[in-house]
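Below are two complexes that have chain A in common, paired first with chain B and then with chain C.
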Partner chain A sequence: MIESLLRATLLGLQLGVTLALVATGLTLIFGMMDVINFAHGALYMFGAYFGLLVADALGSFWLALVIAPLIVGAIGAAIEIFSLRPLYGRNPLYHILLTFGLAIMVQGIVVQVWGARSRRIPAPELLAGSVSVGPVTYPVYWLFVLVLSTVLIAAVWVAIERSDLGILMRASAHDTEMVDALGIDVKTVFTGVFVFGSVLAAVAGVLLGASRSVHPGMGFGVIIEAFVIVVIGGLGSFKGAIYAALLIGLVIAYGALIAPALTDLFIFALMATVLVIKPSGLFGTTEAA
Partner chain B sequence: MSRRDVDKVATRNRGSAAESSGISRRRYLQSGALLGTTAGLAGCLGGSEDTLTVGFVLPFTGVYSLLGESIVNGFELYVDEQGGEIAGQEIETVSRDTEADTNTGVSATRELLVESGADALVGPVSSAVATAMMQTVENESSAIWLNANAGDYRLVEEGCLSYHFRTSFNDWQTSAPLAPWVYENVADNVVITYADYAFGDNSRQFFSEAFEQAGGTVVNEIPIPLGTDDFSPYMGDIEGSGADAVYSFFAGSDAVNYVTQFHEFGLDQNMTQTGSGFLLSEDTLPAQGQAALGKFSLLHYTSTDQSERNQGFAQSYADAHDTRPNVYACQGYDSAQAFELAVEEADTDPDAMAEALRGAEIDSPRGSFRFHEETNDPVQNMYVREVVEGSDGPENEVVDTVENIELPTWGCSVN
Partner chain C sequence: MRSVTDLAGDLRATVGIGGATGPAGEEALSAQGRLAALVVAAVLAAFAPIAQAFEPFWLNLLTRMLVFALLALSLDFVFGYAGLLSFGHAAMFGAGGYAAAILVREVTSNALVVLPLAALSGVVVAGFIGWFSVRAKGIYFAMLTLAFAQMFYVIVFTDLPARLLGAEAITGGDDGLFGIPLYEAVGIDFTSRLLYFYLALVLVMLSFALLVRVANSPFGRTLQGIRENEERMRFLGYNVRRYKLVAFSISGGFAGLAGGLYVPFQSVAQPGLLHWTISGELVVMLLLGGMGTLWGPMLGGAFVIYLEERLAEFATWEIILGSVFVIVVIFAPQGLAGTIVSIRNDPRNALHNANRALRNYIEKVRG
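And now, the complex of A and B:
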């Protein structure tokens, strides 16, 4: 029993930090540009598939982990500049329809190029096998995902809370016109944030693509969880997204122990409860971060 | 009007039937006026006065698209081998995408039977779609139905339809016959893990019954939701069950995740993994890689089988599609063979075709099989395979053949 709990806790934390990588981009993009980005799951999936491509071509997981997110970042920049930017300031419905359309397009492209069968990014030899963590054996690679995602999330936290760039990002979200009037190119900041979100999602895609199968439905699965996280954490709140991601990761892992068939129910029950008690989410305010 | 009207151009267009039926209607008006006869009316309304029409009711988009594509590839490969004809007649194929949706499946079936005048239906992949199609096929009673995949035994138990012939398998076959083999060769106690939906639950039930009948003990049964990415929380229960072997039903991405994580958590060291053939198949093995080695599964088709019939089939399939045939391709190929046999015996009268197929034998790449006289299910050998290191990575090797299996009829008698 204790072993099961410990194993589920490790999985929950690992799931939490990787979901946080996905949800961070989603919440920052919403916080700053008021865009509900349905294509975010598609960028996560692109990360996994480009990871597969690079790992196959160059035979290295590590290169895949670096190159694939950069490719997806470039795709993110193209999406922001050519499709989102012309629609800023309009009814949010435009963005929802646009990004939803993009998500479907990406799914179609993936099926055409890579086919429908499930694949997997080969994990590095270095991280093969499993080790003992207290009373349980746990795969080395899964621990690696836990540690690396935690480091990345911590770094992003520091960058947003402490650095000048982070201040600029938060300020742009809080009062776009004022920042613009101060002579800062808000357009570039927006593009930068979108690229940043895309890269984080793609990193999560490559990391999970080596421990789970890579298949064309993966983008839609993760986007639901990511949206629930963003809503629970408070729309646009970076801190909220991190806490909510850990919470959801643990709910998924413990849910599988208690009643596997009801895990989705637990997630939405949690969301409903949080919204009843605190309608703006755990850390929801009108401003970002 | 002759069915062998030689100047008729057959179209093998996957997408639209409208175009070709338009042509045939115009031709009918011309020739009908010329001959001044109404005798051909019935045939022409069927839209198939001089060609054979085959309707594919298959998923071409969504999670099952790979399966639909493989079935069509297999079917077309056989037709190509016959010079593009079946029983000396031109073949016209019409495809309707069912996705995995039961409503779409029913409307596609009606459209293919009524508007396209299909002489045979090939498909579907999903048993839920097959169940929904049953009533329509029975009402129209205008074509035979070559079920190229859907394996739920209840299609026989509840439907028992004389036009329905499985060129595939039923879920009893891919689970129960493995039980006595596991008991004799692997372990006398098992834990069962399965995808928690109808098909997985059937497999669990059939294996469990057969294993206990053989004298073994099922120590635990663990249902896991369909589409699970992380099996980590269940690994404790599997390991903690204390069983020496595991029997599983998972397919597709679930099979990939389950098998690789079973290996990563080190469960391979103390337990032998067995399962239905979908757990370790041509479409999952490349992704499972080394994690699949040493695992046993049961299926009616194995692409590496060394028989001359299969080697020929596998070679020409690889030439055409640059990949090894999977079980679905074999099922599509055999659907074409069954159709040919039916047409040779009975032209396109659906009742006569069904009569001709009942008990008939098919020379399949899987080894020859016949349609059961009572249920129209395939009576076939099942192969126990072990995953071994091959020249292009892990592949299945047949280690044993379960022959002459007595097939349950679930109270069905189509006669």
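And now, the complex of A and C:
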């Protein structure tokens, strides 16, 4: 009992912190540009598939973990410059249509190029096997995902809270016009944030691609999880996204212990409860009710 | 952050379609528009037997287009008209669909009994979702509707009712319910595709007329007022939440009706009806068609279904469909309704306008 509970906790934290990588991009992009980015899940999926491609071609998981996010970052830049940028200043509702269209496109491309069947990125041999964590035997790879994701999230946290770039990002999110008036090229900041979010999502895609399966529906699957996280945390709140991601990871893991089929129900019930009590989310600042 | 309600207002301002939208107080659908709607209905009615004779497949497609036109109409009433962005309309669509499936299989295939009950189940589900959701505004309202709708999806997908009641199958879980017979009513057997098409056409036109009527009623004006300035309406003493809830429930009823029409026609009810991607596609239909006009989204709905059907034979249909959405949103942001109105008002400059849009795009990309 204690053992399975502990195992679920570890698993939940691991899933949560990796989902936080996906949710971070989503919430930053929303906070800054008011863009509800339905294509974010597609970028996560691209990360997994390019990871698969690189891992197959070069035979190295580590190269996949570095190269795939770079490719996806470039794709993110192209998406931002050629499709989102012409829409700034227009009604953000259009972004729903645009990014929904992009997500459908990417799904089509993935089916076309890689086929519809489900696959898995081979985890590196270095991380094969299991270790004992207290009374629990736990796969080394999952532990690696937990540690790496935590390190990345911590780094992002420090970057956003402490660095000049992070201050610029938050300022642009807070008052775009003012930052623009101060002579800073807000457009480039936007592109940068979008690329940054894309890269993080792609890293999560590669990491989870070796523990969950890689299939064409994964983009639309993760986007809903990420939305729930971002909404529970409060739209645009980075801190909120991380706490909510951990919460959701744990709900998924514990839910799998209690009633595996109903985990999604628990997630949405949690989201509904939070929103009914505090409509702007846990760390939301904007007035919603 | 701006609220979605503001955005809906902006969007109408950019579209600037006279008669059909405009500021609060204007008639929904001008006399000219009514005539156009009647002409479209008459043309469809006349075309149906021809389609039946030459290409029965067309009749199938047209019926599905009608169902989704109705569904898009229901969403436009609550989003375009009352300013509430629902991201959970698939739940009401599915509720109507499953209600129809269960009733037709277990009780009666009389359309006069089943269809009202399908609509009613849409009202009930919308009432439930709405009761919680109207507490929040804008994008949070959208997310609440999404959350509750997904809960219904999970309930249907896992066949929770059967688990709780110990029955073998109620929603049929993952597989859904199939082999659902078609309707009959007042001695007419709707198993003929042609008759079913007429049934759908009549119901869609009636729903359209009814919603236009509601939109023009004092109730509709109040909704418009809430959309334009919620605070003011509250100060004037209106119970804003109650109005929103009623509007949402009415809309849910029409979505349920669409589900009730769709499921026997397809002869299956599967959980996919309630999936959030249907709600997402609906929003796309609205934006493509031109929201807030009531008729635009109907065109949008029909157009998207048509595209999906035509493209289904290509292996790359998702890529093409996605590209169409992207191109429309960048180059024709007013949607079909806006483009039609703009070409009607100014046919000579259509080419010039297209050229300008392209130059505008390049300029914006350069920054």
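To be clear about the criterion, the second predicted complex is superposed on the first by the 285 of 289 C-alpha atoms of A that agree within 3 Å, B and C clash if a C-alpha of one lies under 4 Å from a C-alpha of the other, contacts with A are read in each partner's own complex, and residues count from 1 in each chain.
Quick note on the criterion: contacts are C-beta pairs under 8 Å (C-beta built on N, C-alpha and C of every residue); 3 or more make two chains touch, one makes a residue touch a chain.
Everything numeric in this text was worked out from a predicted model, so none of it was measured.
Undergrad: Should A:L97 be classified as contacting the first partner (chain B), the second (chain C), both, or neither?
TA: Only chain C is touched by A:L97; chain B is not.
Undergrad: Touching A:E3, do we find chain B (first), chain C (second), both, or neither?
TA: A:E3 sits against chain B, while chain C stays out of touch.
Undergrad: Give one of first, second, both or neither to describe whether A:Y44 is in contact with chain B, with chain C, with both, or with none.
TA: In the superposition, A:Y44 touches no partner, neither chain B nor chain C.
Undergrad: Return first, second, both or neither, reflecting whether A:F196 touches chain B, chain C, both chains, or no partner chain.
TA: Once the two structures are laid over each other on A, A:F196 reaches no partner at all.
Undergrad: Pick one for A:A261: touches chain B only (first), chain C only (second), both, or neither.
TA: both
Undergrad: Should A:A253 be classified as contacting the first partner (chain B), the second (chain C), both, or neither?
TA: In the superposition, A:A253 contacts chain B only.
Undergrad: Does the superposition put A:V228 against chain B (first), chain C (second), both, or neither?
TA: In the superposition, A:V228 touches chain C alone.
Undergrad: Going by the touch definition up top, name the partner, chain B or chain C, that contacts more of chain A.
TA: C
Undergrad: Taking the superposition as given, does A:R117 touch the first partner, chain B, the second, chain C, both, or neither?
TA: A:R117: touches chain B, not chain C.
Undergrad: List the residues of chain A that touch chain B in one complex and chain C in the other.
TA: Shared contact residues on chain A: 111, 261.
Undergrad: Quick one: which bits of chain A touch chain C in the complex? Just the residue numbers, please.
TA: 34, 36, 38, 81-83, 85-88, 90-94, 96-98, 100-109, 111-112, 187, 220, 224, 227-228, 231, 235-236, 261-262, 264-265, 268-269, 271-272, 275-276, 279-281, 286-289
Undergrad: Can you name the residues of chain A that touch chain B in the complex?
TA: 3-4, 7-8, 10-11, 15, 111, 115-120, 122, 129-130, 136-139, 141-142, 208, 211-217, 221, 252-254, 256-257, 260-261, 263
Undergrad: For the complex, give me every residue of chain C touching chain A.
TA: Answer in residue numbers: 1-2, 4, 7-8, 10-11, 14, 132, 135-140, 143-144, 146-148, 150-151, 154-155, 158, 160, 276-277, 280-281, 283-284, 287-288, 315-326, 328-330, 333, 360-361, 364-365, 367.
Undergrad: Quick check: in the complex, which residue numbers of chain B touch chain A?
TA: It comes out as residues 61-66, 196, 223-225, 227-230, 232-237, 240, 252-253, 255-257, 260-261, 264-266, 283-284, 286-289.
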